[in-house]
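Labels run A, B, C, D and E following the written order; every chain starts at residue 1.
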């Protein structure tokens, strides 16, 4: 679905274009064309390929979707694929945006994501001196918008991890902790797959040899790269912490088991000794003088209770009960 | 077994050749020869070595089979070895294809695999303008066909992993989960051995210095490389997930054990206290007034049941039963 | 909050400047300006950006805070971000310092940290021959001050680890050990995030191609780099030791459990055999001659005690009790 | 012990030389000398050092033995150290071969290994056109012989691993599995130490800058390198599989423990309830009407058996027994 | 403390110098000065700095001690820091040696170690043709001496590991094994910290660009590097083995626990069934015909023993007892 198709000149909006006229405006070097599509149909993609003269392989990639984030150079144009990560009902949903950048055009196709780039366009139109920098700057603005939206996602994951960590040594919470850690790890992997390849690719847009389109805006791309590096470092730290947390959970299970076993052993001992005493006085020997005593029974009960009590206290003191 | 031996000119099929005439046609620079063998015998290999003038070491490699995927340059020709992975009865079977590529010929030898390349040849013959690009393009077409067949395999493995993950926290499924995870890990390793070395090798067919045969089709090889990178990333993610899943399974076992131990301890306590009571009233003291009471027995039974009941409820409440 | 704003000439203090005059003094190549701010407000930052002509992106970074340590080159100026780690009530607090360095100025902005750089300024003012080396040397002096303060932190963590290690094989301490190791690991990660990226960045300030500002003071930066490498190696060793320590703790739990199980089994056996004996002599068979014996009862008690004693000794000898 | 000392010319054997004449023949550029020693004494080594003019450090290395596999260049000569791995009584024994290669000589010293190189010499003498390629080819032939002998060793280890894997989920086999996995891991490490450094070193004998001796036989060394890479990949896969197998074994122990605990708990419950019933009817209350019933006893036995039976069936059904 | 301060010319000892004359002799290019200090005081260090004109930062490093092993170039001089590892009472003690090397001098400062370099000096003085190679060779001789002393240390650690491995599957030894493995791992880490950074640094003294001082003795430094690589490989293998050994120990604990649990369960069953039988015949039903039988009691005992015996044998056969 076409969202926008606008021609700019000197950073100022010239006109909303019908898609058929794109190729005409592309001939005019002083013009800059910015087209945005959403969940493009095959027909729309073919139209765009025709108007912009895009490479078969790239269009194929954009059509299939489910790509790794990447930045590819085709002659003097760039193809950028990024993941857009949304938090939907406590789960992560991954959409994609494919961006085709040429000397004087930019074409973005957004798939399966509710995030839009209207804010980017508005900001760019408000600041013509930036828009005048051309397709390199718009590419930066789009990438920056995508990357900026990773921050709340990672913050969300971090606060989930902290919530788990608060209960990490709680005995009862072990099973829930495991399930949540496993789920969290899964989400972190999803985010990592969005961030890590993009970080690697962005590293080639500043310093050293740089695609011509990005040459004048290198410092901006370094900033994007820096943000991605920061997110990536946080992700790595989270993975590390999750692994340790799983280890700790495992140990909590074992420690709890020890506690249970101790209680089991202690109570078994107490009851067993009482059973032995009652067994003794339940024997049928004819000569068991204490059985005839007037206070034999209460004394026996007292003895049994005393012995059990002593055991109980000893176990209590040695922290088994 | 010879499958095809065809000479092309200008992207159009010239003739089916008898193998003896290969060397003659190789002399004609305007011709392009494409030969396909399956499970080649030693005699066929020798014939091909003679006709195409192949290096001893490569032919040796192709004969022995069981090679790592690789791409080797010999003067102005290339030798490519790839694994073909088929899913046969829920198991992975690994076949091999060896491809010899020269300036104006391509020779593919397929071993122990039911996948064929007839589709590739048909598509190429239907599009002469691509076939005209020469041996580099045909090599791409063959590699693309092999790599494309990895996708359903990895999808299959991924859906197996998801099936396991659904039962990962089920108590009864632990043993089955272990067996399936172990089996899955084994398969992932098989696929990784097909993909990782090929990915590394393909990286040298685009960007930087490139074998002359592939020079004009670099962008196609970048596409293959990109697919391999994507598959490899998925494999790595699966390995990571499998490791975590095994950890989680281990913990599920421990958690289940805790639950069993708690039940054991609880029932032991309940029965033990009942035994103590019956033991007490089974003692043979002469003066045990309650034994003479009219309702001594039912009261005793009530007391025993009451004590056991209280214990049962306490355990129930503290979630041990 | 502005702390200092001083102009120097030939290593000697010229004057305390009002911030408005900074840009005037910057025009004089023989002057060197050193400004220090603490928890700067947006207004102060804007003022500084205006006076020093700083890049938008950097100022943005300094404003937001929570950056990764880094060193970035902007034309002929440098931007350095470092973490300042304080031990506050046995916890680590992370502040930040952003340093902007130009040919003849240095601007440091310290956020959320109680560490100040007054000592650095004093020492520099006392040694004009060093201050005369210019902004490169002052940058070194500031970085050195920050890095030197990592040493007591890591020493503190190391002595905590040693304290845990002393009790690592103690049975009772297992749970505390786990909690402390987990907490320690968390702190080590915090320190690692301060040190590792800075180490990487500092490596580019000596050897090979170096920013012009640091060219004459390369050996000093190599020293800083060396300190960071040392700290980083210690951190890595601690991480490794903590991992092993957690493993050992896990095993201590298991070993303790074995000991408990053995005791449980041993006492269960002893009491059970006593119960069996009392049960036998509690049976109601009419012909049980030993029941009529004069010393039947004491003999029975002796037999029971003897059997239990023998069992006890056997368990004692085989180390189960 | 000297095994062979032969001079060749144009690929044809000239004469068996006494060691004293080696240096004379070395002067004749058209000659090629190939000497083989086994478990050389110090005297023999000194003699060789004198005749061939070898570097002190290398001879020292060859004398001490126990070196890492390596390839070192000394001016225009090469020193190659390799491990020879034999399977002796199901254990791995590691011998060494040191090879000194000059422009027109090759000297191999074999230590602590029963593998010999007679086959290599025979094959070379049978094919003078290869021997004519000089010391580079002979070095290849020797290295190829050593590397080829790694294949049966790794096949052996792989089949051992497969044998373990077949029993990996067997309960009774756990302890044996552990011992065998540990032993297997040890062997894999031994093989890895033979292969990995050699692989790294061989990588420098083809492509890029290459020692002059190997220049004309680069493709052969690439083949050796390729074999080593394949073995190394198999080793890495085995290490990975062994680690997972150990994890699985650990879990099998835990799963078995759960099964035992369940049985223990179930039987304890069944016996305990029977004991409680007998305890009740063993109490000495005067008014226990059922004791007077004619069929009280058999009914009691039936009740006890019924209750135990019901319990037994319930445990059976829930898979605890 | 000054140990030696000697001037050499043409490899021959010229004179023992008082420290004041060092700077004079340094002026004479044909002289070579070799100074050795032990646990140098600040005064001695200052004196040396003055005489040799050493850089502030290096002297600072040497004063503080506790450095990472490293090799730093200062203009045309080198600074080398190494760890000296002694086995003292089965523990590792780490001393340090700092070596300053210039064109015609070498200054070594040894701290906290009982190892001395007298042997090195003697050997050098005995072989003037080597000493004549200058400061590069003496540096090699000192480094070689330090590195050679790592070998007995690692051999010691390896034999400790082997001693543990012999008992690795012993049940009783588990706790001791854990403690020893943990201790051993600690020592291995100490040695690794001495070896790994030095190995890395030594790699820059041969091949490629090399400090001028070491240019003529590159092959010697390659030898040192090779030794360090070998030690490092052994260390890595030990770390790997220790990790596996800890895993195995953990499993041994679990396997032992299973054995104990089985015994516990078996004995519990045997005693429980005996208790049930005695309970039955201890019931007070009036009509229990077997109680009146003449041989009721011995038959009852026989039955009980028979049942227990059968159970015992079944457990024995299924390996639970």
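Everything that follows uses one rule, which is that a contact is a pair of C-beta atoms (placed from the backbone, for glycine too) under 8 Å apart; a residue touches a chain by one contact, two chains touch by 3 or more.
Not measured: the values here are computed from a predicted model.
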Suppose you hop from chain D to any chain it touches, then on again the same way; how many hops at least until you reach chain E? 1
Fewest touch steps from chain B to chain D? 1
Rounding to the nearest 5 degrees, give the angle of the rotation that lays the CA atoms of chain A over those of chain C. 70
Would you mind working out whether chain C and chain E touch using mostly the same residue numbers, over half shared, or mostly different ones? different
Where the centres are mean C-alpha positions, what is the separation of chain A from chain D, in Å? 41
Report, in whole Å, the distance between the mean C-alpha point of chain C and the mean C-alpha point of chain E. 25
Among the residues of chain E, which ones contact at least 2 other chains? 250, 254, 257, 261, 264, 268, 272, 275, 279, 282-284, 288
Which of line, ring, star, complete or other matches the graph of chains that touch? ring
Going round the ring from chain A and on to chain C first, in what order do the chains come? A, C, E, D, B
With touch defined as at the start, can you tell me which chain A residues reach chain C in the complex? 168-169, 219-220, 222-223, 226, 229-230, 233, 237, 240-241, 244-245, 247-248, 250-252, 254-255, 257-258, 261-262, 264-265, 268-269, 272-273, 275-276, 279-280, 282-288, 319
Hey, which residues of chain B end up touching chain D in the complex? 55, 57, 61, 67-68, 70, 72, 74, 172, 174-175, 178-179, 182, 185-186, 189, 193, 197, 246, 249-250, 253-254, 256-257, 260-261, 263-264, 267-268, 271-272, 274-275, 277-279, 281-284, 288, 290-297, 300-301, 304
